[in-house]
Amino acid sequence: MTSSADVTPELEDLYHGFERELLVPLWTEIGDLMPAHPRSRALPHVWRWQRLRELAARAGELVPVGRGGERRAIALANPGLGGRPFATPTLWAAIQYLMPGEDAPEHRHTQHAFRFVVAGEGVWTVVDGDPVAMRRGDFLPQAGWNWHAHHNATAEPMAWIDGLDIPFQYVTETQFFQQGRDKLSDAEHTTPDRSRSERLWGHPGLRPVGAGERPATAGSPLFAYRWEQTDRALADQLAIEAEGFGGTVEPGHAAVRFTDPASGADVLPTIRAEMHRITRGTQTAPVRETGSSVYAVFDGSGTVTVGRATWSVTRGDLFVVPSWEPFSARSEAGATDSDSGALDLFRFTDSPVFEALGLARAEGRA
Amino acid sequence: MTSSADVTPELEDLYHGFERELLVPLWTEIGDLMPAHPRSRALPHVWRWQRLRELAARAGELVPVGRGGERRAIALANPGLGGRPFATPTLWAAIQYLMPGEDAPEHRHTQHAFRFVVAGEGVWTVVDGDPVAMRRGDFLPQAGWNWHAHHNATAEPMAWIDGLDIPFQYVTETQFFQQGRDKLSDAEHTTPDRSRSERLWGHPGLRPVGAGERPATAGSPLFAYRWEQTDRALADQLAIEAEGFGGTVEPGHAAVRFTDPASGADVLPTIRAEMHRITRGTQTAPVRETGSSVYAVFDGSGTVTVGRATWSVTRGDLFVVPSWEPFSARSEAGATDSDSGALDLFRFTDSPVFEALGLARAEGRA
Amino acid sequence: MTSSADVTPELEDLYHGFERELLVPLWTEIGDLMPAHPRSRALPHVWRWQRLRELAARAGELVPVGRGGERRAIALANPGLGGRPFATPTLWAAIQYLMPGEDAPEHRHTQHAFRFVVAGEGVWTVVDGDPVAMRRGDFLPQAGWNWHAHHNATAEPMAWIDGLDIPFQYVTETQFFQQGRDKLSDAEHTTPDRSRSERLWGHPGLRPVGAGERPATAGSPLFAYRWEQTDRALADQLAIEAEGFGGTVEPGHAAVRFTDPASGADVLPTIRAEMHRITRGTQTAPVRETGSSVYAVFDGSGTVTVGRATWSVTRGDLFVVPSWEPFSARSEAGATDSDSGALDLFRFTDSPVFEALGLARAEGRA
Amino acid sequence: MTSSADVTPELEDLYHGFERELLVPLWTEIGDLMPAHPRSRALPHVWRWQRLRELAARAGELVPVGRGGERRAIALANPGLGGRPFATPTLWAAIQYLMPGEDAPEHRHTQHAFRFVVAGEGVWTVVDGDPVAMRRGDFLPQAGWNWHAHHNATAEPMAWIDGLDIPFQYVTETQFFQQGRDKLSDAEHTTPDRSRSERLWGHPGLRPVGAGERPATAGSPLFAYRWEQTDRALADQLAIEAEGFGGTVEPGHAAVRFTDPASGADVLPTIRAEMHRITRGTQTAPVRETGSSVYAVFDGSGTVTVGRATWSVTRGDLFVVPSWEPFSARSEAGATDSDSGALDLFRFTDSPVFEALGLARAEGRA
């Protein structure tokens, strides 16, 4: 019954019978299908921000944005996943680029999405008619089936990171898509400092009684999590730790999770997003989890280890942590660092899927 | 079988038999026990802040605070509830008063509680060793079974409103109580501007990854909801309405609910708390609900109608809305009003109990 | 601040001021309001089935059943609860009696209810037009706001036990009531052996796809839990224990809980119902819990201890266990016992209320 | 930006740059990645029971069952899925075969599984030490991470259908596996008629109080759903429909869902399982849903339509319905039918995954 078994003519006959009838025996596949623990087809890999930025800028010159292609987005293709635009088996990560004055047309899809801004500003994403500013450090969730478009109101191009669950919905075959209006209205081309969403849902612990009974779609009704808040929350955690009261993930390692204020749950039904701050000199304990992550270096420099791979990383670099590969990070001084000297890592992962289904496991950091 | 039935000697015998055996027939009680809709024993009533404040100040002179009595709290006793210190059949509302330099000793209880500050500042409530400042407009929840004490660090006395579910736990007989330490430590006598709780949990939509996995007790881990945030959220709602995008409860009537950031649910398992802002000249639509509410006028002046009762109310006044009594409010100019001219009403209610059990109903404001 | 404080004229003045303003200080009431643990106003008490049955039969002769009085139900009035028809502060327990050929008219109410049959048969309860037979040992839940009526199709009177959350809804003031039709249709006067509800929902682990998506009301869609099933489940548990595999609550003590097959939750939102079987000679470990219980002896004889009270009980006797009073039972041979010699105790309690609100506690039987 | 754009040398350069950097643009892939609705890679296909049975019997002669290969299971390989043993993108379906006296060794895995018996009997599956009989029509769920083995206690070989979420856990990379003991104990080789699981959990609406507080693993604690119950539930639904009270999915089409009695939820976290009965002459309304199904004909004959494919099917045939393909079935007289003349279809699907994540959609049968 094992692969080393002698293949007799009778057995060959049987296997040909299986093939003819579109059948495959378990006993020849079990090692691949039912391993002792996850062994990801995805590989640890790093993409460098500078190269991404250059190619995106070149695409800005050569490739118009508009209906049909919909978005000038360029996706990470994990070297273990056969050339498909999948950063991991479940997650999409891309750099998106919008030229001065450009609009990306309105559409909606069941895929859950977010934007994260590593650098620059000047684009507003318009969600269900509500223009939302995008600036460095901001996290902007975009739950499935909300209408959305983008417009660049400035004289500068802008790039940002898109994260979606495209691969998950692709392999499970659950995705729907609709085109919306080709042009935004004048009202939607306004450039307010704060969106209506933030004004309704952006006050800590306060739910709007009138608007809050029943969000129109799953996922967070808060369309922007501003860097000022995220930064302050991380600094607060480290200050509490310094006062001797814990509050961090581990010594020198603060982290916040972006959550839906209407439920306290993850910001999107299929995607968890977090910002981690690792103080200079801190080495995080190795952790491994079911499910995969994509990280973007938001600030600082350091060394990250994913399974057997180790890289020096700096602002804007993106890398993936496949399922069950141990991950740790070390913050180190770099040429371009901010004053704090900390390594700030943005992370997103498919954990909510596995927590909902009872399939989440983790090791390390007890 | 009806009350009009002739009471024969045989029937009298039967009823005496019931009495002897500790039995009561349904048919003589059904009108009281099973009415067509709730008819509250509680009465609509208003308590005036000035009188409360004077009596509390006098108690400050005459009655020490300390172990045994535990708190210098003076409770509203609804005139329909037989002299018991119950504002409504399920809710306790009291004015609490602390003199300069005084401490209220540490204890904990299963009763869920909050503080709401109508006027003044200077007291810190210490929750599980975390000193939390109290200032005008702040809402401070205190979920059951957290250790807590208070200290007045200033040279002025301070009064505030306490709300608890004491009557509910009293009638259902579920309450536990423990005394803690008689004295707070020096560290707990510090007077920080922001508590550790706020620094961990007070950032909109952001959950601390290290501290946030499992709150120690039910109820919100955020121990203070600051007036600046509440005020801004209400102003934002009215601005969005003025821009033509709704967002309010009804025209001219904004409201926020205080929620647990870890779950999006009500701030306490048995108590809902909200702040309502009614713009000058607005009359709210009458609403009635199962369960009872206590209101405190935080700012402005107006006229409120509860069932057949109507009162002019102003800052600090407290009144109750019994179960299923229609309630509406009208904002009017008053002598002591703030610039905005709005009527700001703080409200708490037992709704979460009835929503959890499928017993909540409401009428009005479709 | 304690009760032993000297009452000076100034203090007397203050207390008169409180009274005038409808205020009550905490410090004189705290011992009653915030005890170290629940101290129930309800008293342990036992009602004897024979006396209940006799008085109910006499009421059958003297008191007609019909619109207005609605039901010939006679309620247990706990001696600690001021003569009100409340078995405990939250629970109603009554004997209901229907004469040959009688109908109890249709109505509905938000109070959650059940019937439990200690003896006899011959009545059908008609729930939303579905006639459900009632026989010894059957448990019949009746979730709030379902229309229901009863008819006795036989030549014999029948008595059974009614349990409701009338006191809970009375003190929290959430109850609604509506009268239905005065007469049932011919179709509703049929006497089928199995109700439609049982045929749709009475198959273990099987949910009807067509009917099962959304039950019309909260609470179980299964309207009868038959004694044959309950008895077999208890016997199965004891057999598994005898084989050395546990499965019981404690040695010699089997128990099943009646649950909603659509959710696995308690059969009613405010009431838990269970059947316990204690084998001859077994003494259960003392247990105390927040919330109160009513027990009915279904079969066998024994001795039960509630707090400091101890009684011999036999078939049909009803007794109450107030909140936090320790309870244990001992099975003993009696004159009228069934062959098994076990003591079968039916129990209902308000636990779901406190579990929903995070207020449930228990001690004993670790 | 569309595929029809002229590919200039500059654009070619850009695309080579993408390739070098492991990047893929969205605009060339969007049609595949973000279709208007799911377009499954899986194809509708039918496998014939007779051929499956023959090949499995031949494998019984040639391939020993034992440690390493673990199970003599032969999986359906959907012709659209590249030769992998995946019936659909998320579901595994196999025929498993055990010779007289054989044991399949103990192991456990995170993959959720079930057995469904189309024909025969004689095997006991031993779940956590509890031997569970398998007979025609029985459904036996096997939630992830329970130890399990099989033994054939008879002189006849036996075949049955295995369903698992192997493909889902394979593509999402969440699977864990452990080998258990090579040999079962004598106690586990017993052949009881009813398992301990059934005796604890197989009584409708009754939860064991002692064993029921906290199931050891996710998924149903009831290890067998017996055909007698399923058959009776289907017959009951059709009888209620005949009496004029609905209860079926649609006229002539009854269905039950296998559920976890501890929660009322689907029997496994990632797999829904149902039995459908279509009366002779009935044609079901076409339905399409996100997610995929595998059907097995349990009894009767008929014609099924999946997208544009139509087949005549009879007992034991298996076929797949890919995501969003319309499905309907028609019951027709066949040579080998049971007396009832109905078409009984067993179905399993990945719906619970998509319902948990808010991605479930369906069309048809309003």
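Lettered A, B, C and D in written order, each chain numbered from 1.
Assume a residue touches a chain if its C-beta (ideal position, glycine included) is under 8 Å from a C-beta of that chain, and two chains touch if they have at least 3 such contacts.
Everything quoted here is computed from the prediction, not taken from an experiment.
Counting hops between chains that touch, how far apart are chain B and chain D?
Counted as steps through touching chains, the separation is 2.
Computing the C-alpha centre of each chain, which chain sits at the greatest distance from chain D?
Of all the other chains, the one whose centre lies farthest from chain D is B.
Centroid of chain B to centroid of chain C, CA atoms only: how many Å?
Measuring from centre to centre gives 32 Å for this pair.
Could you tell me the distance, in whole angstrom, between the mean C-alpha positions of chain A and chain C?
52
Report, in whole Å, the distance between the mean C-alpha point of chain C and the mean C-alpha point of chain D.
Computed value for the inter-centroid distance: 42 Å.
List, in ascending order, every residue of chain D touching at least 2 other chains.
Not one residue in chain D touches at least two other chains.
Just say which it is for the chain contacts: an open line, a closed ring, a star, complete, or other.
ring
Looking at the whole structure, which two-chain pairs count as touching?
A-B, A-D, B-C, C-D
Help me check something: in the complex, which residues belonging to chain A touch chain D?
Residues in contact with chain D: 1-2, 5, 8, 10-11, 14, 17-18, 21-30, 33-42, 45, 47, 51-52, 55, 58-59, 62-66, 68-79, 83-85, 89-90, 94, 109-111, 144, 166, 168-178, 218, 269-270, 290-292, 322-324, 350, 352-354, 356-359, 361.
Any idea which chain B residues touch chain A in the complex?
Contact set of chain B toward chain A: 196, 199-212, 220, 222, 225, 229-230, 232-233, 236-237, 239-240, 243, 245-250, 254-265, 267, 274, 276.
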